[in-house]
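So the structure is just underneath, and the comments pick up after that.
Letters are used for the chains, namely A, B, C and D, taken in the order the chains are written, and counting of residues starts over at 1 for each.
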Amino acid sequence: MAILTLTINGEQVSGKDDESLLQIARQHDIHIPTLCHLDGLSDVGACRLCLVEIEGQSKLFPACTTKPQEGMVVHTDTERLKRHRRTIVELLASEGNHQCAVCVVNNHCELQDLAYEVGLQYVRFPYLYPKKELDATHKSFVLDRNRCVLCTRCVRVCHEVEGAHTWDIAGRGIDCTIIADMNQPWGTSPSCTSCGKCVRVCPTGALFEKGQTVAEMEKQRDFLKYIVTARTKREWVAEATEE
Amino acid sequence: MPLPEKKSAAHPSGDNRFKLLDRAITKHQSSGYALIEVLHAAQGIFGYLETDLLIYIAHALRLPLSRVYGVATFYHFFRMKPNGKHTFVLCTGTACYVKGAGAIQEKVEKHCGVKFGETTPDKNVSLIAARCVGSCGLAPVAVLDNAVVGKLNPDDAVQRVRQWEEKTEEVPA
Amino acid sequence: MKPKVATVWLGGCSGCHMSFLDMDERLIELADKIELVYSPIADVKHFPKDVDVALVEGAVSNVENEEMARIIRRSSKFVLSFGDCATTGNVTAMRNQFSPDEIMHRAYVELADGDPTIPSEFTTIAKLLPQAKPLHEIIKVDAFLHGCPPTPDQIWFAISELLAGRTPELPNVYLRYG
Amino acid sequence: MTLEDLNEVAEKELARQQALKNRVLYCSAAGCVSCGSEATRDAFKASLKEKGLEKEIEVIGSGCMGLCGEGPLVKIASDDTLYQNVDEDAAQKIVRQHLLDGKKVENNALDPANPFFSSQLKIVLENFGRINAERIEEYIAVDGYEALAKALTEMKPDEVIDEIRKSGLRGRGGAGYPTGLKWGIVRKAASDQKYVICNADEGDPGAFMDRSVLEGDPHRILEGMAIAAYAVGANQGYIYIRAEYPLAIERLRLAIKQAERLGLLGNRIFESQFNFRIDLRIGAGAFVCGEETALIRSIEGRRGSPKPRPPYPSEKGLFGAPTLLNNVETYANVAPIINRGSAWFAAIGTPKSTGTKVFALAGKIKNTGLIEVPMGIPLRTVIFDIGGGTPEGTEFKAAQTGGPSGGCIPNDHLDLPVDYESLATVGSIMGSGGMIVMDSESKMVDVAKYFMEFCADESCGKCVPCRVGTKHIYLLLDKISKGNATADDVALLEELCEMVKDTSLCGLGQSAPNPVLSTLRFFRHEYEELLKPVETYIPSDVHE
């Protein structure tokens, strides 16, 4: 592991060579918007919101999966990036059925926050109004696919942290959808442990607890870093293995 | 999970096709990496991939159910429903498009009353759109019950489908 | 001459208009500054010509809404999408997952208290469009006022800006969906 | 197997062929098979048997002979006469007149001076119409596996890579990355396990070059892969091939078995320390699996969703090991380069784009089929001399190269040389080799819409710009084509195209807007003709 020096938005910063540009930027209070990224989960580079410009490269790179290099000059908030980010949020808004007014996470929603951050006045593309199914068969939770942005955080937390791999993506392209096991009602899932991690990591109101009404649900996502830290450092077995 | 562990070379149902499937699975050392190969084999043996079959495969390869379902629905080649008795595979590649595959599609759909990607209600004819069958020199091309037919025109296409319909009528089920 | 202002209620719940009325005493100030030439709260039969500013609440949900939207566009110098339904379709567009027939059946047959019949589109109610759309998918819109409903402060700000001759590029404090 | 053994196989086969009076090679590629070339074969065999010549004249299937629109094609080996439209009657006639009396059947014979043949240069397709694709002996008889023997017995891996680098060979899958450079990176990657993959997931609609190569000369690919594996230090190869190509799959399976039997695949090949095996992996209908990271995931039995690069497959590819990925045509060029030397290869084509390129000519063109031309040849020569131009009564409008990732090239640019850089200057790409000709009947907005529907349907759905952006590009094009759009929509379309190009995760999304951007560039008037004015405020005095 080596410490590297690079420039982000004109500011000299340093970071480790195994960290991502996103981690390094955040350590230096440089904000880069994200959606599919969540501390504690693997990165997939899917939402494209954290794209940054690197001098000398014509392509854009996702900050979450790009490693630093000595002397790298990075820009995170150029006009080009801002324009693209706004379009990404527009595309996401047009893709689902998002009615903030009646959503359980209204005012606590990452998609809504992104819309404010990019200054989304209106969506220039026609809303697609897809016919998506709501699954309320689980005793404690609900999956409303209308509000899903396909960030796959639920899929990853279930596989990587809980180890159940109840969720996955079925279909492809615009028809992609989150499924439980054999695309069966969540309540009948043989693999689900009902741990609720997926609900907590979901950035929108697609996964929520039963019994919550409009704007009531605030999601606590801090738990993830404790579990992940404990696991990677093997804290819970430390005493047993020290002997 | 209320599902039986996979037993070698014998399915509780006594269905011998599972023996064939087991052979394909063993050939790949029951490795999850071979999922797509095994799905190919399963579709070849059973004709299509129904949920129970996918569960069987998931257990045999020790893969999460949703992973198997996700892979099976990602690839266009895999079918979750059986095809009709006859298949009309229309090539929708660029050469065929330029040479009028669209008109064939329209006419055949109108004749059959179903769209490409669907099967007629009597389960006689499945209309399937293929990406490109690679016989661009003969565009527009269709594969009718596994026989490639080139330089097709809309009327001929409908005529071919009609022949299938007549044959069904001759032999009442 | 005072600027001519119209407010219109298309496929919405009238909540945005309620919020408009919630401007309370500021309405008196507003009455001095504008001429309200058309509104659900004024008894005017036809949308007038040469309107300076039109505030349009609601999504475009039926043929009458669509016709009205086009009249508004032709006759107004400035069209403002007024609230979330006009801007995004919002709750009005939640019906878009179903066909108009399914919706009519649900509303007038399944949920009927008395006589379960679907009213004729020629007599009592306008025919539904296949989908309810935000206003800007039907006509060109000049600015947007968000919220379900927009707060009286937002509305006041937007109108004040317009009266001052500025396009209300709403600052982010006023950008809120839901 | 030693070099001597190899020569012995070759000599034996040549002697066998010498003993024959003649050879009738019928085209056994999918195009001709679907025109009935198997019935033609049977007619030949029956007719020869009738004349008692079945032992002296053999009838064998060979690779694609080019003019796929005029099949079945048949070649007579003794004088290289190529016959077109050979139905059963024609077959009998050829036996009577040509094989017995030595007189050509003029009705069906093709003129070798025809520019369709004379403007071509064949390296990749050189064995087509020469050998039986189903017999390894025939491949060996035309110097097959000699390059592998040479590499293993006379050259160090670095020397092989150097030879490829000096030849100037670039990836034939479309992007044109220098092959030698790629091999060098995989060679340098430190790992006990490395893989070599052949990308035969030819997904561009309107392209059938790779299929033809695999059907017509499968050993060429196995040999190219083995040489590559030796050079980079891999011992396992995979060929990822589309399920839509059953004949090519069958031929490859057979070829692998034959090569294993002769010890040309397996352990200690040519008594060296080099071990190499090849397995097939059958695709399942996903265009995106042509993208290398998606292809690798698919071989691993997963959904074919691409991963961000870096890390590149050359560092971390299949099962996490360094992996070399090349396309079919790239591997097909390897053996000739090793056999004949990099200088020979580099002298063909242009300085930056060396060698030849195989194209599949299709669409509104007289001669549809498979061709191979030296790089740098003007597009006009390809379309009008080789292709014979558009059919009578229609006018050439555009040539589409690069499939859904490419662009439409108009008449004004037909003098452009066919090389990687020149095609890029007009917003298209070399692509894998599909070339579709459009005439005055083709509406360019509809063409763009066709490709966009394809891309939207083939998007894996992982990243937002491609998943949702391609859908909206399609919807905008649909709106334009139906006459419902305004100039604002075209501006939005252009902005969205730039955005999808800039932000998509993989090559599919990044290149998906190309057909739209290139038609907007050269055929903007066709878009503008369809627009309607924006409805806006009309003052009442104008109203009245």
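Following the convention adopted for this analysis, a contact is a pair of C-beta atoms (placed from the backbone, for glycine too) under 8 Å apart; a residue touches a chain by one contact, two chains touch by 3 or more.
The structure presented is a predicted model; accordingly, all values stated were derived computationally and were not measured.
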Chain whose mean Cα position lies farthest from chain D: C
Euclidean distance of C-alpha centroids - chain B vs chain C, Å: 50
Gap in Å, rounded to a whole number, between the CA centres of chain D and chain C: 57
Intercentroid distance (Cα basis), chain C paired with chain A, Å: 35
Whole-Å separation of chain centres (CA-atom averages), chain B against chain D: 26
Multi-chain contact residues (two or more partners), chain C: none
Touching two or more other chains - residue numbers and ranges from chain B: 67, 70, 74
Junction residues of chain D, two or more chains touched: 286, 303, 460
Chains that touch, pairwise: A-B, A-C, A-D, B-D, C-D
Complex contact set, residues of chain D against chain C: 488, 534-540, 543
Touching residues (chain side chain A, partner chain C) in the complex: 93, 97-103, 106-107, 112, 115-116, 119-123, 126-127, 129-132, 215
Residue numbers on chain B that touch chain D, as the complex places them: 31-37, 39-40, 67, 70-71, 74-78, 92-99, 130-139, 141, 147-150
Contact footprint of chain D on chain A as seen in their complex: 44-48, 51, 60-62, 65-67, 80, 83-84, 87-88, 91-92, 94-95, 124-126, 128, 150, 169, 171-176
Complex interface listing, chain C residues touching chain A: 81, 84, 87-91, 93-94, 96-97, 131, 133-134, 136-137, 141, 143-144, 146, 148, 170, 172, 175-178
